[in-house]
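In what comes next, chain A is part of two complexes: it sits with chain B in the first one and with chain C in the second one.
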Partner chain A sequence: MKTYLPPKFLVTRDLAKCIRCEVCVNQCSFDNHYYDADDDEMKSRSENCVGCHRCVTFCPTGALTVRRNPLEYRENYNWRPEFIEDIIKQAESGGILLTGMGNDKGQRIYWDHLVLNASQVTNPSIDPLREPMELTTYLGRKPDRVTLGPDLNLEAELAPQVRLEVPIMFTAISYGAVSLNVHESLARAATEAGTLWNTGEGGLHPKLYKYGRNTIVQVASGRFGVHPDYLDVARVVEIKIGQGAKPGIGGHLPGEKVSAEVSSTRMIPQGTDALSPAPQHDIYSIEDLAQLIYALKEATHYTKPVSVKIAAVHNSAAIASGMVRAGADIIVLDGLRGATGAAPKIIRDNVGIPIELALASVDSRLRHEGIRSRASIVISGGIRNSGDVAKAIALGADAVNIGTAALVALGCRLCQQCHTGKCAWGICTSDLFLTKRVNPDIGARRLVNLLRGWSLELKEMLGGMGINAIESLRGNRLHLRGVGLTDTELDILGVRMAGS
Partner chain B sequence: MKELNRLQNPYHDDKVIDACSIFGAMDTSGKRFSGKGVIRAIANMHDRGNGLGGGFAIYGLYPQYAELYAFHIMYLSQQGKQDVEAFLADRFHLIQAEEVPNRPTPAIVHPPLVWRYFLEVGRQKPEGQADDDYVVERVMEINTRFSDAFVFSSGKDMAVFKGVGYPEEIAEYFCLEQYEGYLWTAHGRFPTNTPGWWGGAHPFCILDWTVVHNGEISSYGINQRYLAQFGYHCTMQTDTEVVAYAIDLLIRKHGLPIEVAARVLAPPLWTDIERRPPGEQKLLRILRQVYGSLLLNGPFTVIIAHHGEMIGLTDRIRLRPLTVGTRDSMLYLSSEESAIRLVCPDLDEAWIPAGGEPVVGSLKTPRQTQPVAVAGASATLPDSRIVSR
Partner chain C sequence: MKNSQRNNHAVKIDASGIYYRDLNAQLRELASNGTRKIELRNVFGQRYIGTNLNKPVEIDIFGTPGNDLGAFMDGPRLAVHGNAQDGCGNTMNNGEIIVHGHAGDIIGLSARGGKIFIRDSIGYRGGIHMKEYQAKKPVLVIGGTAQDFLGEYMAGGVLVLLGLNGCQFHKARFIGTGMHGGVIYLRGSIESHQLGKEVGTADLAEGDWQILKKIIAEFAAHFDYDADEILNHKFIKLFPLWLRPYGRIYTG
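And then the complex of A and B:
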């Protein structure tokens, strides 16, 4: 069938600069560039370009330019090009449209409407270059009080606590969705930076067991790769109920990406689709969640916190309260902009709520019920920089997860082709020709650098607020003000209008 | 409901910001002494305040009524007084009521009516409720329910005197040179965002706990949200209120010793904790893990007092001053050393405690229930600087 779909990008080449080295041909995994021997010239099939910039980055002479195709539709606010082109795709495929990464739509991004405070005159700002500044965070269930016996001995041990040197972790990204090199980069970076990375739902490759002290292992509805050693080696066990990119449905890994190594790690036959059931079939209600939480605590002899991850949805506050009462030591909220390796586009773009609102309402609800200390709150879904991190902590998060930001550090340009398995940056693919593009030595270095940069920035912001420990920012909404928000939005965020 | 905020925080700021001079003097032998020296000392730090608040707390003040709750109440109208007195008569057994003696001075303008009441908890108290809890509830009730009345002192054998003016003017107005106590704290205030309101001056008092405070607590937002989980609602929106409630929670409700509670409010750095011996390390780590939201961050010095103890504490990087002096059984705490030297030139020792290190002065002999505290002289202060050295 002749496709009616216009090219998204135009690739142009400055022939005066091009040396016909064919680097672009080798780098492009979407079959855009080719060498025309008859004309002795490099040429492009622009309709294949996804805008990932791999060729532009690696062209040794800077001869390539990628621009948006200046194809003008008749103006129509309702029928925007995206909707027209989606219909064309479905008319030609008859299927659910798949996509990758997070929601790219224009729903309000509340981080952009929140601003932070700083000290002036009445209290001094603190200079992190000259004074201690503490980001250390402990995740896990805490009691309401410390009870001391005579001689100041503690009457009870604390539930297991996990120490983070920086309140930023790497979010769940499964092996299979991304390559082993990406997993290794994340694991090594987390270990070096004193934080945690997360296996996602695809199991843990034996090569990475040595990073277990910094690893969260996931137990999802497909139970891929879950076995006693997997639970034993982890620092935290996480039950995945849902994710922000696709609330209500399970993980999707196309059979094409299930290579021999992926197959043995996931414990499924090579080449088969790994489709996680939409719900956990042993959790149809909150009391079932409590059973799974305690089954995992029993299996790990109460030595590690059990985390429960949900997508941020309308009733998150009530659900979170139930999760805490069911025994979750950490609750993870993944918002509307949470990313994925593959999800139905219609779900990614339309289901779930912004993480800022979910976080604010969950934190407020747990405090109102007097159970906030019983679980740590971790949030994810669209955290772009340390400013977002600081605002999330001020709204009430103990820590944040980053996924897309980490992948961008490894080269990702958000071209949203994760589901194709053809990632030219070698991140979201299991094609061995492509996966070697991520070198774990370099990948880990880039990730550690990112965390270091954000940590330094967090310390500067804390110092500016006159605070020298992250726990004094956590839930401290007086350090936030809203700009351009309605009263209802301010009320839900628990934040006052700037200037008030 | 009374609009306390109308008086306390008319511009609806996040919290009331103020800076200050603070002074404390305690005779750890329990001997009562006149406040003349304390008044001179706080007056010596005149420039640290701006005349919009001064106050004193005195312990061992009413030996003749040592077993009775002494309420000091300020009234903005006669109606307020009538209403509250009817309420007190209903809820308590009223032993004695009188106006707090005062003398007109040019410096004090438009003072409220200030009365004191000596009370026994009446039969109205529910079965099984502790006297202290009953009193706290009634104080909160008066302060939120009755317009034009404010209870600013509610302990036994102690009281707070405070108002709008420099502390030495308040002392003169309330004739404080005539009183004696074994422990005095004093405060001169420099609020930046409130017009003077008598109730907004320090010390802040609930039961026999008082706090005088110099600083701004940058962690106020989370401290206040954390305390709300335990039923403390910060109606006054002052940092000082947060300190008082935190102390009440940690010491009275959670049973932590003062030196441990101080480690909650001003904990050592994590790197410091990791260097401590295993037992201490574990305790300090757990305190920070559990009570991280009570860490008082930002610049502060506080003098916290209750019967038998006076505690000086700064934030952990000491962004506000605190000097300690000792002489025989006397312990002095002050924003400035000069104020101590003024009233006691020949100190045995004077030092500046490290940030976050509490200085604790305790009565050598635990306080007796007899009307007069036990007197006795001794040259050392074994109980001060309890955990610090």
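And then the complex of A and C:
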């Protein structure tokens, strides 16, 4: 069937600069560039371009430009090009539209409407370049009250705690969705930076067991790669109920991505679909969740925190209360803009709530019920910079997870083709020709650099507020003010209007 | 009973009134001290017995163990002289669970190895999402019958439904819904509307009989049945029609 779909991008080549080296041909995994021997000229099939800039970055002479196709539709606010093009795709395929990465729609981004405070005159700011500044964060259940013995020793029995040097972790991304080199980059960076990375639900490659002290292992509905060694090696065990990009639905890792290596960690035959059912069939209630939490605590002899991850949805606050009461030591909320390796576009763009609102309402609810100390709150879904991190912590998060930001550090340009398995940057693919594009030595360095940069910025912001520990910012919403928000929004966020 | 009488070295524990956490800690300690036989008396709903135990220990359980019996278990042999509840063999890796009675829902959920023998019947979603990898191949045998969604999402392993004790007209619906690996052997009859649309039916081939005979011999030995009598009956084989049942519903 001839496609009616217009090209998304136009690739133009400055022939005066092009040396016909064919680097672009080798770099593009979407079959865009080719050498035309008859004309002795490099040419492009623009309709294949996904806008990932791989060719632009690696063209040695800077001959390539990628532009949005200037094709104009008649103006129509209702029928925007995206909707027209989605219909064309479905009319030609009859399928559910898949996509990758996070929601790219215009729902309000509350981080952009929150501003932080700073000290002026009445209390001094602190210069982090010369004074100690503390970002250390402990995740895990805290005792209800602290009682000290005669030698000032802690009398209360302390639940397992995990020390983070920086309140930023790498989010769950499964091996299979991303390559082993990406997993290794994340694992090594987390180890070096003193934080945690997360296996996602695809198991842990034997090569990475040595990073277990900095690893969160996931137990999801597919239970892929879950076995005693996997639970033993981890620092934290996480039950995945949902994810922000696709709340309420399961996942399918397509058979094409289940290579021999991927099959060995998922522990399923090569080439079969890895189906993660929508629910975990042993969890239909909070009581059932408690049962799995304690099964995992039994299995790990009560030595590790058990985390539970949900997508942020309408009644997250009530669910979070149940999760904490069920025994979760860490609760993870993944918001509307959380990313994915593959999700139905219609779910990604329409289901779930913004993480800022979910975080504020969960933190308020747990405080109101007097159980906030029983679990740490970790949030994810659209954290773009250290400003977002600081605002999240002020709203009540103990730590944040970053996924997209980490992948961007490795080269990702958010072209949203993760589900095709053809990632030209070698990130979201299991094609061995492509995966070697991520060198774990360089990948780990880029990620550590990112965390270092954000840590320095966090310290600058803390110092500006006149506080010297991230603990003093945590849940301290007085350090936030809202700009351009309604009374209801301010009320849910628990934040006052700027100027008040 | 036979097992415990034959073995004079079994460590006996009266479980009445012991909190599950203390009981399991005791079991873990015994197993790691090299104890090879344990007899639990008066078990009354304690959860997670055998969970994540990875030593070759045999545990005879008298009474009613609680949910998640043998979850994540890796090697032990549990014999329940009574009924088992939900989640028995949840995500089990290796070992054996033998239930001299009934068992509840989600028996063998996501099991990736080991064997589970249930003498009587089980509840809903038995053997769902069992999976296999290379030599690891879980086996779940149900002597009686099962409720709906038996073998849902099944990705590997062998599930056997015998319909003994007069339950040969199985009533379960949605059997093997989403099945994309493994095999179900079913003794007795079934209507096509009871099967998931991803499931095909066939008569047993020679290879199937060989697998089944071995499994039935074990089952019969556990529960004092005559294996030949069980086998001398019509069996049907349920298998996945496609390895990728949902491969065609998505588009880029």
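By definition in this document, the second predicted complex is superposed on the first by the 493 of 500 C-alpha atoms of A that agree within 3 Å, B and C clash if a C-alpha of one lies under 4 Å from a C-alpha of the other, contacts with A are read in each partner's own complex, and residues count from 1 in each chain.
As a working rule, a contact is a pair of C-beta atoms (placed from the backbone, for glycine too) under 8 Å apart; a residue touches a chain by one contact, two chains touch by 3 or more.
These figures come from a predicted structure and were not determined experimentally.
**Q** Please determine, from the superposition on chain A, whether chain B and chain C clash or fit.
**A** Fit: chain B and chain C sit side by side once superposed on chain A.
**Q** Just chain B (first), just chain C (second), both, or neither: which does A:Lys142 touch?
**A** In the superposition, A:Lys142 touches chain B alone.
**Q** Now for A:Ala444: first (chain B), second (chain C), both, or neither, which partner does it touch?
**A** Neither chain B nor chain C is touched by A:Ala444.
**Q** Determine, under the contact definition given at the top, whether A:Cys49 touches first (chain B), second (chain C), both, or neither.
**A** Neither partner.
**Q** One more residue to check, A:Ile249. First (chain B), second (chain C), both or neither?
**A** Touch partners of A:Ile249: none, neither chain B nor chain C.
**Q** So, A:Leu231: does it touch chain B (first), chain C (second), both, or neither?
**A** In the superposed model, A:Leu231 contacts chain C only, not chain B.
**Q** Determine, under the contact definition given at the top, whether A:Arg372 touches first (chain B), second (chain C), both, or neither.
**A** It touches chain B, and chain C stays clear.
**Q** Does chain B (first) or chain C (second) touch A:Val400, or do both, or does neither?
**A** Neither: A:Val400 stays clear of chain B and chain C.
**Q** Figure out whether A:Glu131 sits in contact with chain B (first) or chain C (second), or with both, or with neither.
**A** first
**Q** Least CA distance chain B-chain C after superposition, rounded to whole Å?
**A** Comparing every C-alpha of chain B with every C-alpha of chain C, the smallest gap is 25 Å.
**Q** Using the superposition described at the top, list the residues of chain A that contact chain B and also contact chain C.
**A** none
**Q** Tell me, which parts of chain B touch chain A in their complex?
**A** 12, 14-15, 17, 19, 192, 215-216, 218-222, 225-226, 228-230, 253-257, 260, 269-271, 282-283, 286-293, 295, 297-299, 316-317, 319
**Q** Across the complex, what residues on chain A touch chain C?
**A** Residues 89-90, 93-98, 219, 222-223, 226-228, 231, 252, 254-255, 263-264, 267-269, 271-273, 275, 277, 281-282, 291, 294-295, 298-301, 344, 417, 419-420.
**Q** Which residues, counting only chain A, touch chain B once they are in their complex?
**A** 119, 122-124, 126, 131-132, 134, 136, 138, 142-148, 152, 154, 158, 161, 367, 370, 372-373, 465-469, 471-479, 496, 500
**Q** Give the list of chain C residues in touch with chain A in this complex.
**A** Spelled out, the residues of chain C in touch with chain A are 21, 24, 28, 47-48, 51-52, 54, 67-68, 71-72, 74, 86-87, 90-91, 93, 106, 109-110, 112, 125, 128-129, 131-133, 136, 152-153, 155-156, 178, 180-181, 243-252.
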